[in-house]
Each structure stands twice: as structure tokens, then as C-alpha cells.
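Both complexes shown next keep chain A, but they swap its partner, so chain B is in the first and chain C is in the second.
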Partner chain A sequence: MSEIGKLALFLGFLCSCYAVGAFAVGLRTGMAGPLRSGRRAVWIVCGLTVLATIILVRALVARDFSYRYVAEHTSLDLPKMYAFSSLWAGQEGSLLLWLLILSAYGAVFLWAYRKRLDPFYDAVAMVVASVMVFFTSLLSFVSPPFRILATPPPDGNGLNPLLQDPGMMIHPPILYTGYVGFIIPFAFGIAVLIMNRSGTRWIEEVRRWTLFNWMFLGFGVLLGARWAYIELGWGGYWGWDPVENASLMPWLVGTAFLHSVMIEQRRGMLKTWNVVLIVLTFELSIFGTFLTRSGVLTSVHSFAESNIGPWFMAFILGSSTIATALILYRKALLESENRMDAVVSREGSFLFNNVLFVALAFATFLGTTFPILSEAVTGSKISVSAPFFNRVNVPIALVLLMLTGIGPVLSWKRATASVMKRNFIIPIFVGIVATLACLPFGLHGIYPIICVFGAAFVMSTVVMEFARGVQARKDIEPPATPAALLHLVQKNKRRYGGYIVHVGVVMIFVGVLGSSVFQKEAHAPLQPGQSMAIGPYALTLQKVEEKQILNATQTRAEVQVSRDGKRLTDMYPAKAMYTKSQQPMTEVALHQTAAEDLYLILGGVNEDGSASIQAYINPLVGFVWMGGIVMVIGTIICLADRMRLRREEKLLVSEEKLLAS
Partner chain B sequence: MTLVSIRHLTARRTIRGVRLLAALIAIPAILAASAPSAVATESAAGRKDPARAITSQLICPCSCGEILSGCTCETGKSMQGYVTNELSKGKGKEEITAALVAKYGEVILGAPKAEGFNLIVWIAPFVATAIGFVFAALVLRRWVKRRAMAGPGGLATAGAPLTAAAEQDQVDRRARVEAELKRLRE
Partner chain C sequence: MNRTSLRLILVTLAVIASVAWLISSGVKQTGMQYMTVTELAQLTAPPHQGGFRLDGKVQTGTVNYDQRVPRLNFRMTDGKESIGVVYDGLMPDAFADGREVVVEGVYRHTDRTLHASKLVTKCPSKYEAEGLGKDRS
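Here is the complex of A and B:
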């Protein structure tokens, strides 16, 4: 079977090369045959990758230890579902997952545009196929997943215990769907340059693809944070780890693009800038994979270290050079008549929003890579971690939060003083009142104050926008009914979907603020029967017991929790010693409510029999997760808007009819 | 109103506009950027735990790479114990941190000291943001001026450049449709 897998990947490589060649010939000569053949080759690569993945998954689930990858990442005592998810536990499997999603995107793209005979879409497919060449060659020659061991071991090394978590079953595929998906906007951008194609239709198509990928990437990032919260056991969820940063960077630049693309759609401006943002987003997503998989930087996530680094660097340098050369070559195509009515307008605020998003991505990039740079220059090792990013990124993010409130309520073209007064006086007032109201609860420090003010300010601008919209529809239906609100959103999905996304962003800011600034912590060694207090909670250790679970021995503390004297629940923080790795793993106990989480960790059992219990109260942390869900809902509403595309489609079809007649 | 006075008025409005938008964005930015030391002590003061004020700024010296305050590995725990112990001996934050840096090297600091080559990492993000802002403001001013130079006629035919682009788009699209139909017939 392994031979078939190897062959599938090698044939995939050949087919990808063929697809690129066929598309190139077809586009150059205008012949339909090679283009059709190229499209088929992309389908075949997809089929071959599915076959290779099935073979590897089968081997993983069957624990066929003759496969080196299986022996390295699974063991006999590993539960079946984790045997399946160990597909993305190592480098080779992760790259295979990358290729699988990439080829699936290629196939979905061709399916979506199967009725379109415009060679422009073939040019897009050619770019996708070029990236396929890179990944199939990596999997065939550099990092093959189907290496066979001469003497298979009786049992495998087992899966890293950190990855034995249900979150890890869905986090990587969702994250990768976002990461890899940026290939489509990138391919559109490059195809526009190759084909010297003017017009704005492609930008609407790209916007939708980007929105889709952006949603997955954002959701994937939050799932990763949730995983860290539950699995790493340090009381937080975002540590500015290089791999976390790697996933954040393309998301930030993608967000900048999603805003500036609106200006191009409305005003035909910023064409070059938008192409630059698309290219940058894609390159950063490749860079993210490179960071995760090359092991260049020390990180809790870099489970696999290998020599694929130079290949990735070469690909990033090569593809960005080609993109830059194309942008320069097609300068005339991207020239636009940039004129604006006023600085204080939505366009103006979007431009500043772009500066901030890119600056935030730049700060993250610089901080993440600086240890290597510094070591190369000064010769001494340094760390750039959370204490740095909290000081540099947080102020930039807070200014962005303010812009989230300012931008959408400024009118396009020109915001008059009276409109600004009408739109801003109430939100500023609400912001001040909210800040004053929070002061008695211990709010202090300039960042938290700006954050509370900003959150209240943005929320009130959004609420006012909804209220104004409902009010404007009062002739059609009575205002302030849920139906009116629903119809309002239905009528203008892009606008109100966007506002809902902003509500999600505010919720995340509130959650981060609450869980960082107002976090409470206590720790104590407890003998059975002893209690400790944290906030309104009293924690009494009942007993400590040892339990054998599937592939680990668990030391579990039973803690009785009371709140304000009333018994609330029992919690079970534990430490698990996995048989294979012999590493102690923290298993957090969580009691979640809308207002706060009670987060318990068993530090260990001391020689005198006492258990070290570490407790955190994380206020409002649930807002981070809820905010993520609200953002996804908002994005789905934006994606549901097909009005503009339909209008264009109708126009195109009628023109085709006209010409045919 | 003469054309000159309209231009003059528009230019004045532009400058006022740039200032207003810059002020809206810059005030929180300046407040935030000027407060790095405030936040550094804030997280500590918020928790009222001097040990955490030290450990939250350090990295566990083993290979786990975690921030020391939240580290659950054995090295991390013994280091946390060391910091608490030193504090109980009456040593200060600077003294304890300096001793740890002397033992493990600067790599133990969660953020590098803002000196020498490492100053770049502290300054570059803010300098880049400032340059970005200035550039954006200049570009905006130029675009608004260009619009103003088009005069009242330019304002009246606000959609002119777009219409030209749209026309080009129509021509292109027609050519594409023809090419597609040709392929369809093949």
C-alpha cells in the first residue's frame, strides 16, 4: 500500500507540472484543448491526494508500524480518534493535509466556475497548480510520508500528549482551511496581472473567497486559543507564541484587505495596494506553515523539526519576487484615478485602518523573527515574548478598536460636521459613562481605560446604526420589532453583517480585558479536608486518587467548590502521566459561567501528601469565545449577500444571449 | 463664488479634515504608546503579587519556552520557588532579575532590554506606524486636492473617471464573451 501512496504523490507531482504547462500553452495559444486538459489534471491531482491521504489514515488507524510516520506518531494504546488526528501531528502528515486542502480548493474552484469558459479562470487555476507543484515535490522528494521501516517496531512512540485533545481534532483542519484558502485570492490577483485584465468583477469574487478563508482562519486561531486554555494549563489562552503569531499575521493583513477592497469596489482606487495585500496575505500564510513546520523558532507548537526550511524560504522568496515583478510590469493596469472628496470620510478612515492592521502584522512579524536576527547580529540569544507584544501590539490594537467605531459611521466621500456630531456625541458620552461606571470595580491603567471606553463607544455606534436603520424602515413595518431588525439585516447583508462582526470584535476585546486585568490567582498546598479561598469561592480538597485511564495514569484531586457559603459543584483537576512519553500533563478543571471561569490546576502531590492547588478566576473569558462565534455569524451574513454578483451574472448572460443572436 | 475661493475653501477644509482625523486616531495612540511602563506594573498591581510581577516578565529557562509565571514544568516551578524565596529575603525585583540574567543570560527576559541593536525591535513598530500615518495623510491630501483642482465641474461629474473605467470594463467584457463563445463553438 505504501508504494501506491508514494506513486500517488509522485503522479500528483507530474500532473501538477503537466497542468501548469498545459494552462501556459493554452493561454498563450488560445487553444481550448490544453486548457481543458489542464483543468482535468487539477482534478486528477485532487483525486491522487485523496488516495494518498486515505492510505496514510488507514495505516494510522490500523497502527501499521511498518510506516515510519505511524511508528513515530501513534501507539497501540492510543484511542482511535487520536490515531486519526495524528495525520497532522507530524511534518509529513501536516504537509499532506496542506496539499489535500489545496487540491480540494483547486477542485472546488474549477467546479464553481465550470460553466465559465473565460481563460482568466484557467490562469487562476494555473497559479493554484503551480503551488501544487511545490507541495507535491516536497512530499515526493523532501519529506515523504510513506517511508517504510526495515524492521517495524512492536509498538510506536505514541502521540504527543498535548495533541490528545478533542480541540486538536478540529483546530488544525479549520486553521489550514483558512491558511491554504488564501491561495485562491492570491491566484486571482496573479491571474489578473498575467492576463492584463481590467474591471472590478474579479475583485467581488476575490472578496467572497477571502471572506470565507478569513472566517476559517479567525475561527481556527480562536480554537487554538481555546485549546491552549484547556490544555496548557497556565490560566491564559494567548501567549504570543511564534505559531500563534504565525496564524495571526495573515489574518491581520487579510482583514486590512477586506476593508480596502471596499474602496476599490466603490471608487476604483487602491488597485496596487489591494494586490500587494493579497500577495502579502498568501506569503504570510506560507510563512506561517514554514514557522510551524520548520522548527526554526523554539515554540511549544513546533513538534516537528526538519530540513524543509530552506525549501519554504526559497518558495516564499521566489513567489514574492514573481508577484512583485508582475505588479511592476503591469503598473499601467493598476493605475487608478485617485481622487477624494474629503479626508474625513469612510475612505479616509479605511486608509488609516489599513496602516494599523499592516503595522500590527509588521510588529508581530518583527517580534517573532527578531530573536534570530538579533542572534545573527549580536551573537547572543534573546527572547521576544508576551511582555514585548503586550507593550507594542496592545496600543496599536486599541487604536484599531477606536477606528472600528469611527470608520463605519463616517459617510462615504465626505462626512459633514453635523453628521459627525450626530453620530459621535452619544457614543462618546456612553463611553465616558461606561468607563466611570467601571472605575469602582478596580479599573485602572491607561490601556484598560481606553479599552472600556472604546468597547462602549463602538457598541453604541453599532446599536445606533441598527436603530437608525430600523427607524428608516418604520413606514414599512413598525420599528423595534425583531422582525424589523431581521428584515433590516436581510436587506443589506454586507453592511449589517459587518457590524455584527464588529460586535464580535468588541466582545473579544472585553473578554481579553476582563480575563487579563481582573484575573485573580491563588495557590496553596492542601491536605484533604483543608480549604483555600479565591474571590467568592471556597475550595475544599476532598481527596486525591490515582486512576488508570486508556493510555495514562491520572492523579486526580476532588475539590468541593462553594460560592458565598453555598455548595456549588465538585471539580477534578488532574495530572496525567502518559505511558509512552512519561511526561506529566496538566488536566485543567473548569467551571464556566457567563460572568467568569473558575480554573483549577493540580500542581502536583507533595511528599507530605498535600496537593498543590492553583486556582484562577478569569472574568469575562467566555466573551472571547462568544465573540468568535458572533464574528463567524456576521461573516456568514456577509457571505450570504450575492446581490452584486447576481446582477453582474445577469448582465453577462444577457450579453452572451445578445451576441449569440 | 469664484473658482479660486472654492479651491481655497476646499484646501482649508482638507487641512482641517486631516487634522481632525489625525487627532481622532492619534490621541489614543499617543496615550497608549506613552504608557509602556504603566502596563508593566499594572498587571502586577492588579494581582498584588510581587512574585508574579517578576515571573510574568521572565521565560522558563528549560526548553518549554513558557512565560515563567504560568509554567507548570519542574524547572519552572523551582524557579518560581526561587523568586518567592528571594523576595522573602527582602531582595527587590531588579536585584532578583539581574541575578537570574547573570546566571541564564538575557534569553531569560521575556522582552529584550531596549538598548543597542535590540532597540530596533522596540522602536521599529511605532516608527513604521507613524510613517504609515504620515504617508496616508499626505496621500489623502493629494487626492483631495486633485479632486478640488477638478473644480465645480469635477464635482458635478463626480462619476466621470468611474464611467470611463466602466466603459472600458464593458468593452473588455464584450471581448471576453466573444472569446468564450468562440471556444464554446469549437
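Here is the complex of A and C:
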């Protein structure tokens, strides 16, 4: 079986090389034959990758320890579902997952555009196939997943307990769906340059693909944060760890692109800038994969150092050089059709949004790679961590929060003073009232105050936009009914979907503010029967017991929780000792409400029988997760707007038919 | 160039300048110098900088964990020299004798220890290739 897997990957490599060649010949000569053959080759790579993945997954689930990968990442006592998800526990399997998702994107792309005769789409497929060449060659020659052991061990090494979590089963595939998906916008951008295409048709298509990937990436980042919150057991969810940063950077640049692309659609400006952003987003996705897998930086993920680093660096350098050369070569194509009319305008605010998003990504990049950069420049290795990012990124993020309220309300071209007054007086007033209302609850410090003001300000601009929308339709149906609101959103999905995304963003800001500034912490060793207090809660240790579960021994404390004297619930913070690896693993106990989370950790059991309990109150942290869900809902609403696309699609298909006849 | 373009460029430059200032002051105030255990252990005078970042291994038999506080005391080694580390916080799950750790914190020359504010334990290499022998040729 392993031979078939190996062969499948090697054939996949040959086929992707062939596809690139066939597309190149077809595009050069204008012959339809090679193009058709190239498309078929991409389909075949997809099939071969699926085959290779099935073989590896089968071996993992069957615990066939003759496979090195299986012996490294699973064991006999591992539950079946985690044996399945150990596909992405190591480097080789992760790369295979990358290729699988990449070829799936290739297939979906070919399927979606199967009726288009335009060779432009073959150029897009050629770029996708070139990236396939890279990943199939990595899997065939550098980091092969199908290595067979000379003497298979009786049992495997087992899966890292941190990865034995349902959240960890879905987090990597979702994150990768976002990461890898940026290949399509990138391929579109490169294809436009290769084919010297003008016009804005492709822009709408790219916008939709980007929106889709962006949603998955953002959701994946939040799932990662949620996993860290539940599994890593330090009371927080975001530590500015290199791997977290790696997933955040392409998201930030992608967000910038999603905004500036609107200016291109509307006014035909910022074309070069948009191509640069697409390229950058894709390169950062590759860089993210590289950071996660290469071990150049230490992080909570801290994978072993590996041999793929130079390959990734070469790929990033090569592809960005080609992209830059193409952008310079096609300078005329990217000429702006319009000029900016005024600083205070929709365009102006989006431009600052872009500068700030890129600055945020740049600061994150700099901070993440600072040890490497400082050593290269000054010779002394300096590292920065969470305090740096909080100092630099928080103010930038707060300005962006303000822009979230200001930008969408400003009119295109030039915003007049009277309209601005009408639109902003109430939100400013609401912002001030909200800030004053929060002061008695211990709100202090300049950033938290700006954050509360900004959140209230943005929320009221959004509410006002909705109100104005239903008011404008009052002749069609009575405003202030749920139906009117629903129809308003249906009529203009892009616009109101965008506002809903912004509501999600505000919720995340509120959640981050609450859980970072107002977090409470307490620690005490408790004998059974003893209590400790944190905020309004009293925690009483009932007993400590040992239990055997699946593949671990669990030490579990039973803690009775009461709030303001009233009995609330029982919580069970625990520590599991994994039998196979003899590694302890903290199992956090969580009591979640909309207002706050009570978060308990069992530090350990002392010689005298007392248990060390570490407790946190994380106010409003639920808003972070709910905000993420609201953002996803908003994005889906935006994606549901197919009107513009359909109109252009019809036009295209009829045009192509005309050309063909 | 018209006035709007000029204004746009000026505002953009102002934004870039403020971000650059944020970054450079951030590095100055929060940057931590990488050191080897040997370099730190052989210091004869108190260092100028505040923060340090150290890579090394937990010296076997030196771990002293008082989980009532909680406070973790251990010595870190790079194979040649060793240095004391104090960390106020819960012991990370993967922390154990001989494990590779990264600590960040302030070095105090008076008691020759690093007072760590951050302690990261690298995953034991057990989960990567180890002891599986050669591939079948």
C-alpha cells in the first residue's frame, strides 16, 4: 500500500509539471488541445492526492506501525477519531493536507468555470498547478509521508495529549482552508498580469473567493484561540505566540484587500496596490505554514526543527520575485482611472484603513521575526513578546475600530460637513454616554476608555445605518418591524452583511477589553472543606479523587461554587497523566456565562492532601467567540449576494459564445 | 500634483511615522536580549539591559516547585554552566527534568538568578522521530 501512496505522490508531481507545461503551450499558441489536457492533468493530481491521503489515513486508523508516520504520531490506546486527526499532527501529514486542500481548490475552481472558454481561466489554473508542483515535489523528495520502518515497533509513540481535543480536530483543517485558499486570488492576480487583462470583471470574482477564504482563516484563528483557552490552561487565549501571529498576518492583509477592492470596483483606483495586497496575503499564508512547521522560532507549538525551511524560503522568494517583475512589466495595465477627490471621503478612509491594516501586519511580522532580523542587522539577537505587541498593535487596532464607524458612513468622492454632522453627532454622544456609564465599574486608562467609546460609537453608526435603511423603504413596508429589517438586508446583502461583520468586530473588541483589563486571579491551596473567594464567587473544595479514563489516569478535584452565598454549580478541574507518555495534562474547568467565565485550574495535590486551585474570572470573554460567529454570519450574507456576479457571468458567457461562433 | 494628493501623502506619512515610532520605542522598552546560560553565568558585573531571554535545559534534580504559592525554582543549563531561575506561576504541563525550556525575564546580579515572567517548555521530542530506527531500504 505504501508503495502506491509514494507512487501517487510522484505521479502527482509529474502531472502537475505536465499541467504547467500544457497550459503554457496552450496559452502561447492559442490551441485548445493543450489547455484541455492541462485541465485534465489538474483533475488527475487531485485524484492522486485523495488516493495518497486515503492510504495514509487508513494506515493511521489501522495503527499500521510499519509506517514511520503512524509509529511517530499514534499508539494503540489512542481513540480512533484522534488516530484520524493525527494526519495533521506531523509535518509530512500537514503538507499532505495542504496539498489535498490545494488540489480540492483546483478542482472546485475548474468545476466552477467549466463552461468558460476564456483562456484567462487556464492561466489561473496554470498558477495553481505551479504551486502544486512545489507541494508534490516537497512530499515526493523532501518530506515523504510514506516512509516504511525496517523494524516496526509493537506500539507507536502516541499523539501529543495537547492535540487530543475535539477543537484540535477541526482547527487545522479550517485554518488551512483559509490559508491555502488564498492561492485562488493570487492565481487570479498573476493571471491578470500574464494575460494583460484590463477591466474589473475578475475583481468581483476575486473578491468573492477572498471573502470565502478570509472567513475560514478568521474562524480558524479564533478556533485556535479557543483551543489555547481551553487546553493550554493559562487563563488566556492569545499570547502573541509566533504561530498565532503567523495565522493573523495573512488575515490582516486580506482584510485590507477586501476593503480596498471596493475602491477599485467603484472608482477604478488602487489597482497596483490591490495586486500587491493579493500577492502579499498569499505569501504570508505560505510564510505562516513555514513558521508553523520549520521550528525557526520557539513557540507553544514548538515542533521539532525540520528540513523544509530553505525550500519554503526559496518558494516565497521565487514567487514574490516573479510577481514583482510581472507587476512592473504590466505597469500600464494597473494605471489608475481616477484621482482621489478629497481626504475626507469613503476612499480616503479606506486608504487609511489599508495603511493601518498593513502596518498592523508589518508590526506583527517584525515582532515575530525580530530575533532573526536583529541578529542579521546588528549581530545581537533580541526578542520581543506580548508586551511589545500590546504596546504597538493595541493603539493601531483602536484607530481601526474608530474607522470602522467612520468609513462606511462617509460618502464617496467627498464628504460634506453637514452630512458628517448629521451622521456623527448621535454616535459621538452615545460613545460619551457609554464611557461615562462604564467609569463606575472601574474603567480607567486611556486605551480602555477609547475602546469603550469606539465600540459604542461604531455600534450606533451601524444601528443608525439600519434605521435609515428601513426608513427609506417606509413606502414599501412599515419600518421598525423584523420583516422590514430582513428585507432591507436581503435587498443589499453586501452592504448590510458588511455592517454585521463590523458588529462582530466590535463584540471581539469588547470581549478582549473585558477579559484583558478586568481579569481577576486568585490562588490557594485548599484542604477538603476549605474555601477561597474570587470576586463574588466562593469556591469550596469537596474532595480529590483519582480515576482511570481511556488512556490516562485523572486526578480530579470537586469544587463547589457559590455566588453571593447562593449555590451555583460544581466544577471539576483535573490533571490527567497519560499512561503511554507519562506526561501530565491540565484539564481546565470552565463555567461560562454571557457576562463572565469562571476558569479553574488544578495546580496539583500537595503532600498534606491539599489541592492547589488557581482561579480566574474572565469578564466578557464569551463576546470574543460570539463576535467570531457574528462575523461568519455577516460574511455568509455578503457571499450570498450573487447579483452582480450573475449579471457579469451572463454577459461573459454570451460574449464568449459570440466569439466562438 | 494637486492639493488632495499632497494631503493624502502627508497624512499617510504621518501614520507611517507614528507606527515606526511605536515599533522602535516598543523594541527599546520591551526587547529582550538573547543570552546563553554560559554568557549570563560568567557576568562579573550587573548588566545594563533589563530583560533577557535564555534557551537551555532544566538541570536534572534541581527542580523545586512549591505549588502552594505557586513558585517554581530550578537551575537551567547549557551543558557547561548553569544559572538559577525563579518563576512565579503554575508549572507548565510539559515541564520536567532535562526538558528544553525558554525563559524570559529580568536577571538580578545580587542573587545571580533570572526572575522569569515567561516560561515556555518545548514539547518533548518523543512526539517526533525518536527511537524508531532506520527506514527499510
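FYI, the second predicted complex is superposed on the first by the 641 of 661 C-alpha atoms of A that agree within 3 Å, B and C clash if a C-alpha of one lies under 4 Å from a C-alpha of the other, contacts with A are read in each partner's own complex, and residues count from 1 in each chain.
Operating definition for what follows: a contact is a pair of C-beta atoms (placed from the backbone, for glycine too) under 8 Å apart; a residue touches a chain by one contact, two chains touch by 3 or more.
Bear in mind that the values here come from a model prediction, so they are computed numbers and not experimental data.
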| item | value |
| --- | --- |
| Fit or clash - chain C, chain B, common chain A | clash |
| Partner chain in contact with A:Ser320 - chain B first, chain C second, else both or neither | neither |
| Which of chain B and chain C A:His73 touches, first, second, both or neither | second |
| Which superposed partner A:Ile446 touches (first chain B, second chain C, both, neither) | first |
| Partner chain(s) touched by A:Ser562 [first = chain B, second = chain C, both, neither] | neither |
| Which superposed partner A:Ser383 touches (first chain B, second chain C, both, neither) | both |
| Chain A residues touched by each partner, larger count belonging to chain B or chain C | B |
| First, second, both or neither for A:Gln530, with chain B first and chain C second | neither |
| First, second, both or neither for A:Thr579, with chain B first and chain C second | neither |
| First (chain B), second (chain C), both or neither touched by A:Ala32 | first |
| Partner chain in contact with A:Gln265 - chain B first, chain C second, else both or neither | neither |
| Clashing chain B stretch [against chain C; choices 27-35, 45-53, 135-143 or 153-161] | 135-143 |
| Overlap of chain C and chain B interfaces on chain A (superposed complexes) | 233-234, 298-300, 339-343, 348, 351-352, 355-356, 359, 362-363, 366-367, 370, 374, 380-388, 391-392, 395-396, 586, 601, 603-604 |
| Chain B residues within the chain A interface of the complex | 13-14, 17-18, 20-21, 24-25, 28-29, 31-33, 35-36, 38-40, 42-43, 45-47, 49, 52, 56-57, 59, 63-67, 69-72, 77, 105-112, 116-118, 120-122, 124-126, 128-129, 132-133, 135-137, 139-141, 143-144, 146-147, 150, 154, 161-162, 165, 168-169, 172-174, 176-181, 183-184, 186 |
| Chain C contact footprint on chain A (complex, rising order) | 68, 71-73, 89-90, 147-151, 153, 157-162, 233-234, 298-304, 339-343, 348, 351-352, 355-356, 359, 362-363, 366-367, 370-371, 374-375, 380-388, 391-392, 395-396, 523, 525, 581, 583-586, 601, 603-604, 606, 610, 612, 614 |
| Of all residues in chain C, those that touch chain A in their complex | 2, 4-5, 7-8, 11-12, 15-16, 19, 22-23, 25-27, 29-34, 53, 55, 67-70, 90-91, 93-94, 102, 104, 118, 120, 122-130, 132-137 |
| Complex contacts: residues of chain A adjacent to chain B | 30, 32, 116-120, 197-201, 232-236, 239, 241, 267-269, 298-300, 337-344, 348-349, 351-352, 354-356, 358-359, 362-363, 366-367, 370, 374, 377-378, 380-388, 390-396, 398-399, 402-403, 406, 442, 444-448, 450, 454, 516-521, 586, 601, 603-604, 652, 655-656, 659-660 |
